[in-house]
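Common to both upcoming complexes is subunit A, partnered first by subunit B, then by subunit C.
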Partner chain A sequence: MSVAPKREDYDVVVIGAGPAGLAAAATSAEAGLSTLLLDENAGPGGQVFRAISSTPVTDRSQLGADYWVGAELVQSLRASTAEVIHRATVWSLDRNLDIAVSIGGASAFVKAKRVILATGALERPFAIPGWTLPGVMTAGAAQTMLKSSGLVPDGRTAIAGQGPLLWLLAAQILRLGGRIDRILDTTERGNYLAALPHAFAFLTSPYFTKGLSMMREVKAKVEVVSGVTELAAAGEGQLAGVSYVAGGKRETIAVDLLLLHQGVVPNVNLAMSAGIEHRWDDLQLCWSPVLDANGSSSVAGIAIAGDGAGIGGANAAVVRGRIAARAAVEALAPAAAAKLPALATLRRDLAKAERGRVFLDTLFRPAPQFRIPSGDTIVCRCEEVTANDVLESVAIGATGPNQLKAYRRTGMGPCQGRLCGLTVTELMAQARGKTPQEIGYYRLRAPVKPITLAELAAVPKTEEDVKAVVRG
Partner chain B sequence: MFRRSEQDKRPPVQIFVDGVVVAAREGDTVSAALLASGQDARRSTAVSGAPRLPYCMMGVCFDCLVTIDGVGNRQGCLVPVAEGMQIEIQKGKREIGR
Partner chain C sequence: MTTNVDAIVIGGGIHGCSTTLHLCLAGLKPVLIEKDYAGRHASGVNAGGVRQLARHIPEIPLSIRSMGIWEKINDLLDDDCSFESHGQVLVAENEEELAVCRARVAELNALGFTHEELIDASELRRLVPAVAETCPGGVVSRRDGAANPAQTTTAFRRKAEQLGATVREGVAAGNIRYSDGLWHVDVGSDSYAAPVLVNAAGAWAGKIAAALGEPVPVETVAPMLMITSRVPHFIDPVVILRGRKLSFKQFKNGTVLIGGGHLATSYQDRNETVLDWKSLAISARTVFELFPVMRGATIVRAWAGIEAKMKDDIPVFGPSSRHKGLYHQFGFSLHGFQLGPGAGAVMAELIVNGGTQTRISDLGIERFHRSAAR
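== the complex of A and B ==
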């Protein structure tokens, strides 16, 4: 099952088999470039098309037409000559485009002429009191189980937060006969007004009618509480209830499962560890890589496509994947680029796919109290560090996330800051009266996913490597 | 917390959780199989011993850490089940040598 890469060198290595990676790898291979696609999951699809080749949810109307688009992408990839390895975790990428990947407990090393990072997004941290309790999960987690294993909530269930995925998940759970007791909508009232100037683009985008019909479908079956301004999960060793404030009134309901979601943010770990410059995005409230129009990053030879390049959604991800791959083909085999769709066509496709995005970003901009926790709410899940711990460290001199590691070990657990990084940046920025850009982010380094010392020790060594560390 | 959809026709796979037989399905990840089993699958953290269950199910949060076939600290949400697989709910830190 676990197969190492067939070669040591490739023209193009694509990392991540979601919408952007599938499109990029197929495009690059179709143009005749030797192409390797590495992906951490058991099958293609990434998160949005998760389990597209294996889902037990075979009634197509339940997951929806937007999901099944993924099947065509996988088909194009499989028809191409691209080499695809799943359950392959890339743990290092450097400026020389050397890649280390762990496959079946052993590491392999490949070199690329071009790398296309398609590592996608992850859900924004949602640090409320009790979010580490068993029974609190992300909406994306529930959707992953629904798509890949046909699992639906059957106990008392609440979904809290905001954004398109929340409504899509709710609709899918209901279509599969699952249970949702209440939806707690945290969208700030003021966001509706702020989003208004961008409404025209949204009203004329495909998101509008789809979104509206999905919300109607859900609201017909589930009690929705809007204007939620406070949220807390409670229980002793297990989630027992969620309390919330809406319209100034506090209410507590007993639940077994609480699904949280307040949008997605780029998964930056591999890109940052390769030294790619990122900047704070004031609209999307996250770190986004600095890229040119082709997706090329500040590190020569590395492009980023898909939501890792800034959140744009699945349709935009596919086009960005094609644009990045086209740029690689133009650089490595210019003659073959003529066979690919013209750049102007791709740019038009991208503009169409990105239509309405600013409206969504503005409307679903998470409220400060759900991004910047206080008191003894846990910020860093791995090292169990609270908001107060962080603030106390700031008070005695911690200036940014990297100093904070020395004070509190935040970001030094196995998740390597994926679940606390944004919270720490925004919390420290607020405490120190600085912008997130000024405060910065964790300095990320390889290995970006933990690997065992045994695996590292088994890595092939040259005589020089050995001499460098052996005494005498 | 979760139940399986009736339309799920995937073949069964038998795994063992702390020695107890659990019926999983082909294509389940270890974490999905644990959450569907109805068993107490709470691990405890290395830092304070607090109980946890998987949070993200996509390989980023590490709250699904579990011992699989004698190897600790595996991300259960990324590992597909296999016939006869031995799962141990990991309490605290990974032990040296496993």
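== the complex of A and C ==
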């Protein structure tokens, strides 16, 4: 059964129960602030710790020690007074800190003195020819099935792309007895050289040894093709094969499942719809919110923690969550802040957690041809708009993503730009010889997740409405 | 550097773009100055209603003039603007409302206007089969319809540019002044000079008028709209209600636009609006009651565009009452989109010929300054 929020006003509302949200909500509640944690999933954990309280996978080594760190976070949250509501979809947040949330088919409105957004990351769009075919899915979706239900691929499977999560997923699939026929690594050869100057920091980061052993573990069992420069999924109404070029040589293999992944980017929809300023991040190639050292955004009272603040990984997310919550406590109950870990300590923790990030960002910077599609490749799957369609619109006067809506309806479908936004920005920037920052992004509006008309219609009546009925 | 042109148009909404285009058609070289981009505000994000129905009487002649252009919009712009003409229907939900409709149609007929037609329950049901059984009738304007507002505004802008207009987007018009018989306007480090200045700056036009000594009672508003996921086709005409704030339109792709004039809070200086979901819930409830077929649809997005609303709900249109060469074209008060094509044509006639056959005499800015003039 679904439970509506107990109050209309809270000191702190945290949105998202991944590592950042769990840490933020626990910190805020422990300091005595009335705290509400709203989360879209069935249980705590976000994507990194998905199904941490319910996963059927019991052998701890299969999901890795890092996964089970989540259990401790959940424990400290549960020990606090924070009110936690799962299956709660926040569909509107504005600069007045008014929040609309859908819980069990009914919407409630709450108001916060402080909001901490911990909505995490999304997988970067990976628009190759055929990426919309049934049988092609994102690595993240595969990982969700794996963590929640212990499901792993058993047909002919290829994984294509790059990034730490790709190797983690591959290792998890193999440990659970799943099948991977080939890994097509799209990391650009030049990236190794570019990343070299940052290698020292990485060598001393916790990612290094773990990452290396994971790659070794996977490479021992699966054929890995590196230096893939072209990639296309093919099939008639259903994926039949994937063809690729590596070292100048084209090859096609028959597969039933193709998992795509080229890193994650901040999930900006709720933050942008609240009017928070974002800037193009030239290293991570995505939009990141403009934040101060405490995670406070350009909208007074809203802070962002976790990967939504810029990709930093789970360890950094936890610390950023604590820092944002600490700032809220400082503002609302300064006396209680004294009992929390000192800011200097948290900053030190963050620096440690972020060590090696630049190396990863540089090494796993996706190649242009996988970010900026061409020809008939679909860019916007909601409206079936191709790269050529976008270029044609640019030629007749579309200057940015918002103008493009008028020509092609890109970003106006149910995904609200999540699957096409970055592609459209970069494609238009390239076509117009501008920077992505100059080209901009879709203006995002609530509801950031669709709600039914019936649900909105059931929202409690206002006085004006009562009068209208009397008159009518 | 100062560039001499024939006319300076401030504001890249449908009105500024249309006037710029019509000036080009008359052989002039205008410059259009838009602080954001054409169609950024109300002109690009309104409900797209192409409506003669239920208009204030003083603007009906302009609306009729405009309708003629809409019906040949493709010839003018080489763009169909997604204009479709399935009529617009005003629904009376009870006998009392129907009586008001009857009186209105009679009044229009007496004035010689025939575009509004009273309909009974069976004709209403024929036009809008999905409407609730209890509605006794309404009014239809059969030539009305809807278009895609962003596409339309963009098409006007594009065509104007093709015909020789200079379009300056992304920089606000500044330092507006009159000297030696010319209007001067700065755009960043550039300046333009022209004998003619058109103030079509929408929500920002009131400030310009006031700075030029013609203050008018205008406020900035942001009417909200929301759009649903695709639902099976069930309605052709645009539907508006007589008694409640609702307008309703299904697009060819199945999505349904729900509007009606509930207002968001606008932060004009930031180009930003904050939606009022409790008001949108009222619209949702009205749709829920009137169109059971919509109950399972999902709301995909809601938004609001910033625009100017006059105290008397009638636009300010025509020459300045104080300055030579200055023309006003703003304050369309939530119903300016349909007027755009015609208003641009008439404005060009005023500028080029010094007069027009279209009756606009009740729309002038002098209506706010009569007592002062005495």
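The working rule: the second predicted complex is superposed on the first by the 464 of 472 C-alpha atoms of A that agree within 3 Å, B and C clash if a C-alpha of one lies under 4 Å from a C-alpha of the other, contacts with A are read in each partner's own complex, and residues count from 1 in each chain.
Keep this in mind: a residue touches a chain if its C-beta (ideal position, glycine included) is under 8 Å from a C-beta of that chain, and two chains touch if they have at least 3 such contacts.
If you're wondering where the values come from, they're calculated on a predicted model, not measured in any experiment.
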Query raised in the report: Between subunit B (first) and subunit C (second), which, if any, makes contact with A:Pro56: first, second, both or neither?
Result: first
Report task. For A:Gly155, decide between first (touching subunit B), second (touching subunit C), both and neither. Result -> first
Query raised in the report: Thinking of the overlay built on chain A, is A:Pro450 touched by subunit B (first), by subunit C (second), by both, or by neither?
Result: both
Query raised in the report: A:Val459 contacts which: subunit B (first), subunit C (second), both, neither?
Result: second
Requested in this report: Please work out whether A:Pro414 is in contact with subunit B alone, subunit C alone, both, or neither, and reply first, second, both or neither.
Outcome: both
Query raised in the report: Does the superposition put A:Gly275 against subunit B (first), subunit C (second), both, or neither?
Result: second
Requested in this report: State whether A:Glu40 touches subunit B only (first), subunit C only (second), both chains, or neither.
Outcome: first
Query raised in the report: Do subunit B and subunit C touch any of the same residues on subunit A, and if so, which?
Result: 413-414, 450
Query - Residue ranges of subunit A in contact with subunit B within the complex - result: 40-42, 47, 51, 54, 56-59, 87, 122-123, 132, 134-138, 140-142, 144-145, 148-155, 176-178, 237-238, 256-257, 267, 381-384, 413-415, 418-419, 450
Report task. Could you please specify the touching residues of subunit A with respect to subunit C in the complex? Result -> 92, 94-96, 100, 109, 275, 396-400, 402-403, 405-407, 409, 412-414, 416, 445-447, 450-454, 456-457, 459-462, 464-465, 468, 471-472
Requested in this report: Could you please specify the touching residues of subunit C with respect to subunit A in the complex?
Outcome: 37, 39-40, 44, 93, 148, 150-151, 154, 157-158, 169, 227-229, 243-244, 253, 270, 272, 274-275, 277-282, 284-285, 287-288, 294-303
Query raised in the report: For the complex, which residues does subunit B have touching subunit A?
Result: 1-10, 25, 27-29, 32-33, 35-36, 42, 45, 47-48, 50-63, 65, 73, 77-78, 80
